[in-house]
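Listed below are the structures to be examined.
Same chain, two partners: chain A is paired with chain B first, then with chain C.
Coming up: the complex of A and B.
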């Protein structure tokens, strides 16, 4: 578990709130230099995971490291090297944008004011405006400008795209991509804006009810999870492989999703009277298929 | 070309970008010696992960379609002109394979399929005013 290979590692990380297991033995690995999308239905534990990394809450058991530092024992050092944006982050409404960035600059010795100005100038945010006067999208841009001001090695974006208009979302994505130009910088992004996450993520993790049910590169995931369509106009019913999910049978066509696609599987399904095809799935469809099948399994 | 990708499409973004560049070469929109945007520029323009763009460039370089000149950027290679012809054939062959699969599945005769294709070619003849 070298510091160089992974920006975040967790080992059997568990967080209980009373009887609820918000995180249930999560062992995650976020490679350095990646944009990692942590997805899951509402209440899956995404925000809890981020809050443990920032030591805003203590884990019940297990451990986590950020940039090789223990999140509990070395939390101050962690905070110095991490930038954080949360949805609807509370900002001091009475402060002007300038007061706020000046204040944050005082907290970090590595502050780069020109990096912050660049983000704010590009969409023309008036630094004399009070934070309370800004639109929701503009506040999100201010938050990300401030989050990258101290040149963090890791950027944590917790639901940072949620509920934003398309222009603000594009601007956030643009800034994440710009931020990635720094060598070895890592981004962890949580949320449900899956089409946006498909654009920028190269690694994904799925949390369902506090459990990390899947962690993969996006490419592997898309190569493995496929929709199989069998057209069988002259056969009444076809056998489907074990483990198939989201099965839809109609009289002359059978469609299902597999989580372990291979060309051998496709060959084994082929027949003289059939037309068999494997279809790529958008990340959004993979998310829905996997979330539903794991929610059912957990019931 | 290279102005947008569709994140909702099921085709992986990596393949969408590769296809746009290959098609650009085949259609003559990209000629030998043309400079491509830097990884950073293209990632920002398409709003995609810079690692994905870097991988596209690397793989197309390996295939000989692109070349990187140290300190200058990524360019369409001098061999691209020669490769354009085979790129054109590849792109058409890929699409015909999809059609061929339906021809077989529908049980159409080869004769009928070829006639249909010849008719389609006639319809698309340059200068024909009534073509769609």
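Coming up: the complex of A and C.
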């Protein structure tokens, strides 16, 4: 892929808060038209990464480009083409929903009111209600609806689905994110709900303690990261070539989670009195194993 | 920027309405207090001052509140990322907020002030609101800049303050009162009165706020490490401002705004003019038969007292709310008397007027002494408390009044003496009080003063030991028959040999123990009051009656004027017949050394209001309405129509300066110009303003 084919690229992007490295030389690539799930445990740096992309905070070092624009020097142009929803984003409570959408409409030249009302109408949000009177979930929906009002080329959903009930969540996923993907626009979504991400994302990245430890398509990730279960009645300790990111041992069985699965690896483990089997992992399991592995390594 | 401005305006417009509410409340408070509490004009002034001070404090409080809330409120609500995520540059967001803050503050202030300006104008005038408005606006802008700066740089701390609004207002009031007191200390205006450093701070804060907001990590600006910085800055300001104030204490404060020149007087051996320039009068309410009337009172607090260099017209010293400065004989030092401490910024609620004396080195604009020389000494607030330098320039003396007479003259029952540096200050109680402020004079040696007592007795009081010697018993031939003696003036001759005393003696036929007294002498001979001028030798051995005229309607006009060499004395009195159709008559009493009686010249100008000055050659220059006269020591009128007459058509004489020029004021509806006139050519050169 050429550089133009990425909605987001970052090179050694670092952000320090005093002694804390919130982002540690992150070099990420989010392909255009993808739905990219950025995952990581609490404090991994996901929100910081999103804020740096919007230039809400300045990077300490490194660089990042969004839609081919430098996030620091061309931040206004970036924000003009990006929609952003933060987790539990507080709104100007004194505004009505209508005031808020009108205000946002004035801020963006490419505003499409019907895109906003479509979402709000489907969920059934009263546009005359004050934002302060809405529930947390309703406010999240308003935020998401407004974030797509200017038809952004990139939508950043920073744990934006938090607080939504399953119905609203499904509506958002179906009517917003699927529509974005259908139109070839990019979505970067962060969050803890791995099941949702597995359902909608085609690319994923793992941030652990500010480092991007893995970036891949979801299919590739699932093909590469597998669990190998070895039943071995007599062997005291089974090893695996190349190492594993997670190992669970019991007297008769050892379970490896490997990052670079291949049929050759499976073949190499086969032997007398052994029963070797490869298992596909759910994204959540991959996430947990990877996170634990890297967090232990960091300690 | 427009959208941010609009959003801020919509978000904060209640602040403007809050201003209106506050204005209404203060107005209502004024009305309530006026109805429920005010009993006389003093109470009304107190209410006016109180409400006016609330207004003065309200403006910076509003400015600080708006400025602090602009960014801190976004941080507090968590909406700052939302705002910064909009497709605007930081500069646009900052500018939108800044301008909205200015607009909101301005609207709040206007809406707060309008009801008051309409309904309770006296309250505004009591605190000189319109005069200090530029200062107030500037101070409010500075407070806005400070609060806005901290709002952008240290939002969490500020929002914590905002969360506790009462605390915020309390702190703001504390700071403002503190600043007000400081402003009072350094001279009437607020601390920040147009000073360049304050302007620089203001601009620096705004620029710092801009760069902090546009280039810094605003979302992270609530870092706690800024807290020590905030504390350090606050501490620095708290400590440094009084130091600045102390430094500023000896600097000149302001230039007078000349609306009208009043009571110009040559001092310092003719090198300077001291005068009042009238500002706007203070209006107060007067109750007459249960009805209130607004009345303008030319309160001297609205005036500037100015000391001018007559050669250049430069203001040597300008003070407000003082009496005119008096220059020392060598013209280097100026003493100025201030009445009550003008706590207009902290609320001036009628208080006993402490007398404050300032002594200035006028050449270097340094305050040599400023303070209350004696706590037990007061001069009242009216036209009293005349102050004078001793002829050798070593002492300053002023007559005082223990009783509090706000507007009228008091009884001068004490004399304050002090060195120019404020040392050796002492109050000498006068068992022999002079009746009028000028009924005393220095002995030429500067070691004693002459006081003419109420009964006409001339006393020399030593300043060294406080002893009093009676050197003349007064007009003995008149005293037994006098109903009252009104002492006009006393003046020692420059050579120290004579003391001239002018007085008016009233005779009234009366009764004693049921018998009507008809005095054979002098009441029978002089049924009307007499105007008397005596010359008494310094040792009291001889006295000489220079002048005696019936003076039923005599108006005591002038001081006793000695020629520079002490060889001639003049005294001018005017009389009014009481009939408008008749011309006035002015007596010029002239005496030359060696004569046993004064000569009398009678003029008939169209007004008895004359101005006089002794020329260097010993002649008297006298100007009346559109006329000028010169009188010789022999009492001969040598000029009644000359170039002076023409030149003096629009000018009124103040005196003769050290270069022999006539210092004059020009009357154009008001006396509002000072000039010097060359007496040989009649050429007039404008001096001031």
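Here, the second predicted complex is superposed on the first by the 276 of 299 C-alpha atoms of A that agree within 3 Å, B and C clash if a C-alpha of one lies under 4 Å from a C-alpha of the other, contacts with A are read in each partner's own complex, and residues count from 1 in each chain.
As a working rule, a contact is a pair of C-beta atoms (placed from the backbone, for glycine too) under 8 Å apart; a residue touches a chain by one contact, two chains touch by 3 or more.
These figures come from a predicted structure and were not determined experimentally.
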item	value
Clash or fit (per the criteria above) of chain B with chain C on chain A	fit
Which superposed partner A:102 touches (first chain B, second chain C, both, neither)	neither
Partner chain(s) touched by A:79 [first = chain B, second = chain C, both, neither]	second
Contacts of A:174 with chain B and chain C, given as first, second, both or neither	first
Partner chain(s) touched by A:58 [first = chain B, second = chain C, both, neither]	second
Chain B versus chain C as contact partner of A:198, first or second or both or neither	first
First (chain B), second (chain C), both or neither touched by A:91	second
After superposition on chain A, the shortest CA separation from chain B to chain C (Å)	27
Residues of chain B that touch chain A when the two form their complex	5, 7-14, 40, 43-44, 46-52, 101, 105
Contact set on chain A toward chain B in their complex	33-35, 170, 173-174, 177-178, 180-181, 195-196, 198-202, 218-219, 222, 231, 275, 277, 279-282, 284-285
Touch list for chain A against partner chain C, complex	17, 51, 54, 56-58, 75-77, 79-80, 84, 86, 89-94, 99, 103, 106-108
Residue ranges of chain C touching chain A (in the complex, touch as defined)	3, 6-7, 10-11, 77-79, 81-82, 84-89, 215-217, 219-220
